[in-house]
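To keep things simple, chains are lettered A, B, C and D as they appear, and every chain counts its residues starting from 1.
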Amino acid sequence: MIIILKKDFEERQMTNLTDWLKSNRLDVHVSKGVNQTILGLVGDTSTVDIDLIRGLDIVEDVKRIQEPFKNANRKFHPADTIVELPGGIKIGGGNFQFMAGPCSVESVEQICLIARKVKESGANILRGGAFKPRTSPYAFQGLRDQGIEFLLEAKRQTGLLLVTEIMDASQLPLFKEIDIIQVGARNMQNFELLKELSHLRKPILLKRGLANTLEELLMSAEYLLAGGNEQVILCERGIRTFETATRNTLDISAVPMLKFMSHLPVIVDPSHATGIARLVKPLSLASAAAGADGLIIEVHNNPPCALCDGKQSLTFETFNEVATAVRNILPHCCR
Amino acid sequence: MIIILKKDFEERQMTNLTDWLKSNRLDVHVSKGVNQTILGLVGDTSTVDIDLIRGLDIVEDVKRIQEPFKNANRKFHPADTIVELPGGIKIGGGNFQFMAGPCSVESVEQICLIARKVKESGANILRGGAFKPRTSPYAFQGLRDQGIEFLLEAKRQTGLLLVTEIMDASQLPLFKEIDIIQVGARNMQNFELLKELSHLRKPILLKRGLANTLEELLMSAEYLLAGGNEQVILCERGIRTFETATRNTLDISAVPMLKFMSHLPVIVDPSHATGIARLVKPLSLASAAAGADGLIIEVHNNPPCALCDGKQSLTFETFNEVATAVRNILPHCCR
Amino acid sequence: MIIILKKDFEERQMTNLTDWLKSNRLDVHVSKGVNQTILGLVGDTSTVDIDLIRGLDIVEDVKRIQEPFKNANRKFHPADTIVELPGGIKIGGGNFQFMAGPCSVESVEQICLIARKVKESGANILRGGAFKPRTSPYAFQGLRDQGIEFLLEAKRQTGLLLVTEIMDASQLPLFKEIDIIQVGARNMQNFELLKELSHLRKPILLKRGLANTLEELLMSAEYLLAGGNEQVILCERGIRTFETATRNTLDISAVPMLKFMSHLPVIVDPSHATGIARLVKPLSLASAAAGADGLIIEVHNNPPCALCDGKQSLTFETFNEVATAVRNILPHCCR
Amino acid sequence: MIIILKKDFEERQMTNLTDWLKSNRLDVHVSKGVNQTILGLVGDTSTVDIDLIRGLDIVEDVKRIQEPFKNANRKFHPADTIVELPGGIKIGGGNFQFMAGPCSVESVEQICLIARKVKESGANILRGGAFKPRTSPYAFQGLRDQGIEFLLEAKRQTGLLLVTEIMDASQLPLFKEIDIIQVGARNMQNFELLKELSHLRKPILLKRGLANTLEELLMSAEYLLAGGNEQVILCERGIRTFETATRNTLDISAVPMLKFMSHLPVIVDPSHATGIARLVKPLSLASAAAGADGLIIEVHNNPPCALCDGKQSLTFETFNEVATAVRNILPHCCR
């Protein structure tokens, strides 16, 4: 961390600051120039509150050099984290997984049918929304408790693992038999929820917020890791930009950048990233090519009638085609 | 709402669609062209699930004409909503209020001192964070329960009303004597929280999310209004753009646009919008000039030592100067 | 095109409008509702000035259904455009090309060395900047005329085709022997330049502007096509977003979307998209996987000493590795 | 400027680097830590090519502390620049001006009528487009040479000064009697054009690009200033964001930030910033309140029939109302 001091500070103020920094177990190197004095901080600065220092009277600016996340940082944990799921299913460290299923759970018949079909095409994990965050209070809000029950029935029938979204910590008792708890994009910075989930020892699928930087995503992962839950899967699902041809803009660079910055597995959601079914295949191939550890894809028995997001859901046939194409490209991908 | 059908649909499919639309109490007008058939829907389309229709097999595209929010819509409620607070304090409909105070409550002495000072400068409402959403798990997270107690003590000593942020519905019991409950930018689309707050009969200060459109802000307000809580104050606090000279970009057009779209009062937070104390005065004047109904400003007894956001806090003297300048400009502002 | 009329218009105004529209060879279908009257326009609306209609007194809003570009539109030209270059080199319609070379031409030795090396690795086209758009007036502005001469020497020595950037129409006489003229991102909407280039019968590489939509990119291509130059190659090179971990955000969805919207070939510049050499390989693979028709990659004999953009340039070895990996993945890609 | 070296560099490499930096008249201060070595550069670093250093083998990162613009920097020119125009008209340093007129010059009668009317309402400068940058090749492109002639006729009849946009340096001979040459948003980084204009001794109105930072705007101003043209007026006209309720997002913070960073006058274009006539009044008041030195506003004799941008043009009556309101608020504004 670099601290640039204002011109005309008093010697005493600088001494106070350097003493305080040293008491935080940091080495301080002072460079005095004619126009500027700069303090170079050496040591573990990840827990230093940068806003606090920036607010000091004698400080003109502070620039981080070290990243503010430590547990999620690849520099301190060079080896890939591999999330291990029941039945020997793994994500990360060279293990690629398909998660597939409908946007919303609609009925027990629907979810069980979809489960069987996506399993046939090679998915090991079933997705399906029971609690649905919807922009409009008038839109379908999910089957909630009943949706969870239907998912569990699909698990019993097919043996697929389950991933589904939590919207509030009060719903946690319902998630006991859910294998991966999803934190949605809108809740990526719901810190109270993250703190609760950090006490679990269960994999969390953490989706990037629509307007959140990669560093912020890793800081939210850090909430989970700092609380002791090390089973975190990151998910790129599109960010909000000025472009309107697609619902969001898939930030494909996030895949190799996150894997460079962090040891956590990274998957991609090509369905939400653009909202257009036709783009799921090229973006799935691109995500695999860029080094993703998995895909989470919306599949529906009857996309045009899906209670939400029908436009972006694949049919069984198309999902099978996508999964096959991805498996074929995997040996030639970046990893 | 306009539905554009794909070429080559079957007559039977269109009949099914128009019948279904009519059963939703909508009039359907069909325009058949050589290349395109268009359905014009007339009636209350605000509760129609646009994604559902977009997903239908014969539909190429759907375009809204009517806004999807109804309770928040000025078209149906032409008169300004005036939020009425204890002691005859009002916001909206020509009533302008200053909310001021520290980013975080730090001690009972601090918050009481700041309360007295901002009251002297004309603020009727004290702000101060007890529960703090922080990007880093290592940053100060607020005094929480104790912070609320200290705020209540400041209220007892000064008679100021209180506004403070809630982060989770489980904290609600602590907010009984809080006059305005703030929903922060990161929780604007925490729909479970919004549903809980919609059952209250207490003013809600709803901050715009960093990457949320004005329509989405009004849809979140609609969650509150649809649940029966009509006391909603909207707050523009800067959006996330590519510009890095300021922390966020204050969307000043949001003030007149929101007042055109909706009857709800609109205030501005110039402190968070830019993160730079020096900009608070020009942006406060600009916000008033554009027609805002109030300002929420960070003020601290000792800004350089503030436990968070010191860089953007005003001193007592500067806040007094800003409040005076705003009062002087008010008679010449847009309203 | 859909025209939504304001309430309370006069019958005579509507008759004037529909008469005028019909005189533009458009069929007009009127849907009258209780609250709204809607005009559906059928025919070729791509040349209708939407702003003109939007400004009319009785018009509330206008919504396009047809795209405003015609020559670039795949709907009217279903077959892929294949750009044919000297020596039988083709781009598009299943033909994939590597363009490679330094950001700036620095000397005749440098550019000839790089040319030989990238040819060995499979590139058919040499890139290299002679005229350099630089944010700072104090940064290196390119060798200009001399840079073009050095490029031509490299062409003589290696037989590689040349692509280089033009910054102003007055430079055109220097571009006679250049095989592909590049219009840079900052000039994508330099309409005077586009008009000049539309009179040529030489391939144009049109880069997407940092803040331009796909529709705007196609409208700029339309300037070229409408003037008679049908040899246009589109290039995605990253857009500007809030994310700062990469210099720009590569919009990978642009590849399949542009190919869906248009018949023109689409290539990707992974070097400028992120500014980070380490990301060029994963993004090159991702671009090919998503269906791109080629790549334009920065390669330098000594990246750390490049006069500009060294950080994003590949060494000869790395470029060879990337080119090999891309060739291996091509048979499994989306096309 | 701060240079952070990679771990494990060789001593000889660092000596080479520091020697080279010193030969550029910079003082170099070295801070060696256990994990990191940092070089602090003191002196005039504005002409140092940051990309060059960033590309060096032993450099991990470079961070600027000093701004890269010097002539435009308020630190080195504390006093406001006042642009002086014929007839004693001034902009900046407390002098506020209205520029008003149509988007496009349509006929000599139209422009002369508008000129008389905006003069009556207090404008000293007439705007009007002769050369029009239009996204679509099928939209009206301006009257070009003839448009300039009509503007000059309006100047003869009313004595108003003229501001109009140049699109290419080849048009310069037509601009001899134009008082202020406008560089449009799309040409803000047309560096060849900027270099040509830097040789003039005539005021330039430099509009901010849709996706350009304030620093980039000042770097483009630096092109003009470095070439010797000191008469530069900056113009904020809205940036591109995800928000679609307005055409662009007016970055009101740009006004006080630019005036803090630079000594150049700053005006605002509220018409293009949002594209909505109804918002021009509140945004004009807000701009003045925030400290702008002037406004450039679209006014048309018959807005619904304007050949372009009718939706955002004011009538004579509305412009008179806006100008009066702004004059009334000016004494209470930030300056």
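The rule is simple: contacts are C-beta pairs under 8 Å (C-beta built on N, C-alpha and C of every residue); 3 or more make two chains touch, one makes a residue touch a chain.
Keep in mind the model is a prediction, meaning the values are calculated, not measured.
Centroid distances from chain C, each centroid being the mean of CA atoms, peak for B.
Across B-D and A-D, the chain pair carrying more C-beta contacts is B-D.
Remark: chain A and chain B have CA centroids separated by 27 Å (rounded to whole angstrom). Chain B and chain D have Cα centroids lying 32 Å from one another.
Averaged C-alpha coordinates give centres for chain A and chain D that are 39 Å from one another.
Within chain D, the positions touching two or more other chains are listed as 211, 240-242, 244.
The touch graph of these protein chains is complete, with an edge between every pair of chains. Considering their complex, residues 211, 213-215, 239, 241-246, 249-253, 255-257, 260-261, 273-274, 278-279, 281-283, 285-291, 325, 328-329, 332-334 of chain D touch chain B. Those residues of chain D that touch chain C in the shared complex are 46-47, 49, 51-52, 54-57, 59, 68, 131, 133-141, 167-170, 186-187, 189-193, 209-211, 216, 219, 222-223, 226-227, 240, 303-311, 313. Of all the residues in chain D, the ones that touch chain A in their complex are 2, 4, 27, 29-36, 38, 40, 42, 61, 63, 65, 211, 240-242, 244.
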